[in-house]
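Look at the two complexes coming up: chain A is in both, with chain B in one and chain C in the other.
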Partner chain A sequence: MSSAKSDALPPAYDVDASATVNEIRRFAESLLIPVGALAAALLLFGAFMALIGKNPLEVFILIYKGGFGSSFSWQNTLQRAAPLILTALCVALPAQAGLVMIGGEGALVLGGLGAAVAGSALSGAPAAVALAAMALTAMLVGAVWIAGCGALRHYRGVNETISSLLMAYIAIALFNHLVEGPLRDPRSLNKPSTLPIPDTHMLGTIPGLDVHWGLAIGVLACLILQIWVRRTVQGFAVRIVGGNVRAARLAGLPVGVLILIACALGGAMAGLAGMVEVAAVHGSANASLMAGYGYTGILVAFIARHNPMAIVPVALLLGGINASGGMLQRRLDLPDATALVLQGMAFMMVLASESLYGRFKIFQPKGP
Partner chain B sequence: MSPKFPHTARRDFIKQVSAVGTLSALSPAFIRQAFAADKLVVGVIYVGPKDDYGYSQAQAQAAAAIKKMPGVTVVEQERVPETADVQKVMASMIEQDGASLIFPTSFGYFDPHTLKMAEKYPEARFAHCGGLWSTGKHPKNAGSYFGYIDECQYLNGVVAGHATKSKKLGFIAAKPIPQVLRNINAFTMGAQSVNPAITTQVIFTGDWLLPVKEAEAANSLVDQGIDVITMHVDSPKVIVELCERRGIFVCGYHADQSALAPKGYLHGAEWNWLTPYSEHVKAAMGKAPMNNFLRGGLKEGFVKTSAYGKPVSEGARKNAEGIKAGMMKGEFAIFKGPIKDNTGKVVVPPGTVYKQTDVVLEQMNYLVSGVFGKV
Partner chain C sequence: METSGLGWWGVLIAVIGGAIRISTPFLFVSLGECLTEKSGRINLGLEGTLVMGAMAAYGVSYMTGNPWLGVLVAGLAGLCLGILHGAVCGLPRVNDIAVGIGLMMLGTGFAFFLGKPFVQPKAPTLPAFQLGLWSDSPQIQAALQINVLFPTGIALALAMHWAFRNTRFGLIVRVVGDSADAARAMGYPVNSVRTLTTALGGFLAGVGGSFLSLYYPGSWNEGLSSGQGLMAVALVIFARWRPLHCFLAALLFGGASALGPALQSVGISAGYYLFNAAPYVLTLIIMIATCSTRRTLAGAPGELSVVR
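On to the complex of A and B.
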């Protein structure tokens, strides 16, 4: 971070060196502005705590201790971050094509349902086969669901933000109908669930950590999709569509197909999040799948500015805030809304800081 | 903490030394209490807010009461989803707060979350609300408690039966699961004990906390000429307030909602979780074995009724008190044949009397005759 400021410009303005320095300046800008925004949010939150009569220092120590202060709290944070990474991708990928898709929750619950059905149907198959089938089913279901919203947008002009949100309600209603009706395990009396998948077919924890494999899957997905977005022709084409649809059309790009691909990839990630919840946590599909991860993912993606790799640290930050929110409740008797207030402040500050890009001279590229 | 991570462990150690230094300065009493021998830290986890006028509030009232017991510290966390989050919350209470007795109070916390944590932390006790704990199948340090609140819903029905003029009652319920069906049936049969012509219209909203749908359901019931409503949802607040505004009677559920409807609140079915809570706390403090399966009704003090509201007539009060006295003596059975369901099928044959403890009641899948609705 500080290297950007201390790095003096090289004495001779050879093109390569100044390009590197400019690269560093740009990177420093994209790092320091969100970090500064989060610091401002923390200060604001501290002031708020002081207003309601709590010692801000004590609050900050508890936030640190609850989210990041020990290996136990780190695992707590990592576990909470895991589902958010995948659902954030469901917002970040369509955003590359210029769409604001907020219905990841729908793809998550239906993906989870698809995974549960595949998993119980393949209970006799080897674990690896069953898990692969579960993941594929979930990704397919999620992809179709979100690509549907993309298609409505592109071919029928329906606003994708509204339609994806409404489609999420439809998905949840469909899920409830199937889980409480045709797909219900008759033994699940007071909590309607689908037939369970066998214990041997569950996703375990990452060796040495008390965190399930969903975390590794999420990080890997971010890595691959970062490469797709930044280093492939198709990813570049999608970003052109997001930047200027007309220009993309003039350049002869298949706009509709690119939008569908970006949406399908995003939906597949949310579906995969549902599969992880079923295969690593619940063991069947039931109402507990609807925990709002799809909605928190929106927050993560926006703070990460739709940059797939940035999603990982942001999800960790939100996971940490959630983990320490529990600590604040238990030690200081603060309500659950405390963590939400902090989240809201962080979100506001990061969005407001968007207007700061290009305003600081130090970050601006300089040339000979 | 974890030998598998030498690097993090060393870093953690340094961090913790400084953190513990600061923290013990901040809250020395807490730390001391958590580690003293004859003290007990109890963790309580709620699925909703502690002040929801409903399910979670009923649990929080018991938690507030055991807080006053000598040597007991209570740590609470609200709005915890039924996901891996609740596992981490239980683990945090044990590892960070020193809790050795946990009350995970939502039904969905039981399988797999509570069972998993009970295996992971064999020294801690897990008293879950509502789960069907069974010997041999589930860990010994886990258990469940629940109450036969259908007794209070029966009494709600009796009071409602006296109060209704239209002879039409309404029931707003979350899901058609056995626990809920049992309440709807008990409420209806209570009302029919006053006048067999009384009917109950049921609306299932589909989930435990859907305030908008609950309000819509209440409005549509009132529009149909229904003049007493009761419910089985997590937070009855919206329904109770709406009934008051529309000028009809309401019977409460979970906790006391009389303050929300001073004019129309007739009676209420409430939990009395202090009974199982204090039994578990005493056993944990005395190192006595855990009672893994606690059940009870009015007689055992697991449930209670709200005070009668102003509109309740003297006759209704006497009638309900008479039945309540029978329940307290264990002489009154709600599910006593012959009972027909609302399709005309006999579900409890003549001569059969089910005791509250009969497991067949926990598998209920019908609505009794006089209920309009479908499972």
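On to the complex of A and C.
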């Protein structure tokens, strides 16, 4: 029972040496098809660049330099990867239960707001206590927000993709209302912000890496959630719900509770992304929090095929592409939406590549 | 304050005027989505199509000086995005909802990328009819300024209502949407029909986008659309896949969108952001009220994944 995707699996095969080979084949398939799709997207993007009169090679070299070329760009990439990892989990975990939840941006901004409020309220408390309170507040807010969409889906049949995106718009409106109104720091004149959290309560950097702890938090979260998804009974039950709701009901699983747990965990991670951004980068909740990490996280999760550990490398890649945006703007006079175009192409290619699974003989398990 | 003489009537007039003005893009997108969903497929990417249409219309209008050409090109841009959606969804094992999310990203990405040079310049916009000249009140006159696309949309809703019942094409679309197996058995190419309806739906959404940039608000910038395309998709569910109901729902949504600015004009600005969220909240409430887990929605195309 170690394999999950019941429909992707061939008829039962013996657990022997060939099983290992078959595992490798399946792993190679799930690695090479997305990589191929990304390569195709890059080619397409290069063609588009050539079409508008830029040298594609130059563009690719700049993306590489801006994202991974120097220690400074690596630092920039890693800073961006941290929230992407967490928001991607907000898509990947509900996806285990079969839900397409895309409202991570909403959980991120409200989580960040909650963290900022908690942080400034506890400015007298010890740093560890304040940081823990900030993280818990953010996770709670995010969990409630996304679990709400899950509950609407399960109990009312409201499509979660639409509702979660609507909830994201509502969250942003609520955020703007609170930050420019009741929660505004009167001293923040040009850029409305909440009261700042004290410097002593900021998340520091990982020693020797010059990147804030958010990255470590993200990687750790992926590791834990990978184990939860793949190696626990509850994670397995959630995947049954995602595979076939009717079968899950027949097996007596508490479908509603499992959906709520998966959504709440995902939302908590997106909220945590907001907390990391506030506590490690911005120092208070303001409009900078809405940098689109929630939306890019959707793409990260889809490329990673909702596999928590695969999210880490994909988030690094997309963090790097985002980080190179500034360099493309300065050197080649490309608009800042360039990254968005590349992301859109990558998204379409990865989705189209879904139809390739099972098409290549070399990846197919050989039965005894 | 201009409207203070009219007080709350001013708010009502502004909401009605806003309903007429703001509803047009909702109307076009929801009619396009209605056509697509009738064939059993959902295109969540119309938000991207809307933004793309707005950019294309504004760019073409600026470069050629002819806003009507802009409307046409906006439609064609939407058509291309629709074909892309249809083609990718036609591949086996590809989820139409996910493709919609991808298209949303791709459409806005292309629109922001290509639209960068058009943020500053002023392009010629679409003309309007003055239907309020009988009144001396400037508010009523402003409210009854109507763009040609609005009556066009109404005519289109009527035409679609008729066509779904009475034409060969309408019936084929409905068969494909209600049962792909039945359609295949009758020899109709399911994928081609769906790609065609998605493409036509994209065309309409593109035209809806041209209204945004060429009439109201009447300029191009990156914050032009904030979820109208998505709300229009939800609106189709509320309208139960009936074109005429799409029109009424679009009016309702237009009114809700006009509430924030209207209240601001009489000096109520305390909850500005909250009032601006009214359309999203309304959409959500309507979806909660109309959806149910126990029964399938009346009028829902049988093949549609979004209502199952």
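Just so it is clear, the second predicted complex is superposed on the first by the 353 of 368 C-alpha atoms of A that agree within 3 Å, B and C clash if a C-alpha of one lies under 4 Å from a C-alpha of the other, contacts with A are read in each partner's own complex, and residues count from 1 in each chain.
Please note the rule applied: a residue touches a chain if its C-beta (ideal position, glycine included) is under 8 Å from a C-beta of that chain, and two chains touch if they have at least 3 such contacts.
Computed from a predicted structure; not experimentally measured.
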{"item": "Fit or clash between chain C and chain B when superposed on chain A", "value": "clash"}
{"item": "Which of chain B and chain C A:N190 touches, first, second, both or neither", "value": "first"}
{"item": "Which of chain B and chain C A:E180 touches, first, second, both or neither", "value": "both"}
{"item": "Partner chain(s) touched by A:R230 [first = chain B, second = chain C, both, neither]", "value": "neither"}
{"item": "Chain B versus chain C as contact partner of A:R26, first or second or both or neither", "value": "neither"}
{"item": "Which superposed partner A:R331 touches (first chain B, second chain C, both, neither)", "value": "first"}
{"item": "Contacts of A:N159 with chain B and chain C, given as first, second, both or neither", "value": "second"}
{"item": "Contacts of A:I298 with chain B and chain C, given as first, second, both or neither", "value": "second"}
{"item": "Touching partner for A:R239 - first (chain B), second (chain C), both, neither", "value": "neither"}
{"item": "Contact residues common to both interfaces of chain A (with chain B and with chain C)", "value": "173, 176, 180, 335-336"}
{"item": "In the complex with chain B, residue positions of chain A that touch it", "value": "55, 58, 61, 64-66, 69-74, 76, 79-80, 83, 173, 176, 180, 189-192, 208, 210, 212, 277, 280-283, 286-288, 291-292, 322-323, 326-327, 329-331, 333, 335-336"}
{"item": "Residue numbers on chain B that touch chain A, as the complex places them", "value": "1-2, 4-5, 8-9, 12, 15-16, 19, 22-23, 26-27, 30, 43, 49-50, 75-85, 88-89, 91-93, 95-97, 107-108, 112, 130, 132, 175-179, 206-207, 362-363"}
{"item": "Interface residues, chain A side, partner chain C - complex", "value": "100, 102, 152, 154-159, 161-163, 165-167, 169-170, 173-174, 176-177, 180-181, 295, 298-299, 302, 335-338, 340-345, 347-348, 351-352, 354-355, 357"}
{"item": "Chain A-touching residues of chain C, taken from the complex the two chains share", "value": "44, 84, 88, 91-95, 97-103, 105-113, 116, 222, 226-227, 230-231, 233-234, 237, 270-274, 276-277, 280-281, 283-284, 287-288, 291-293, 306-307"}
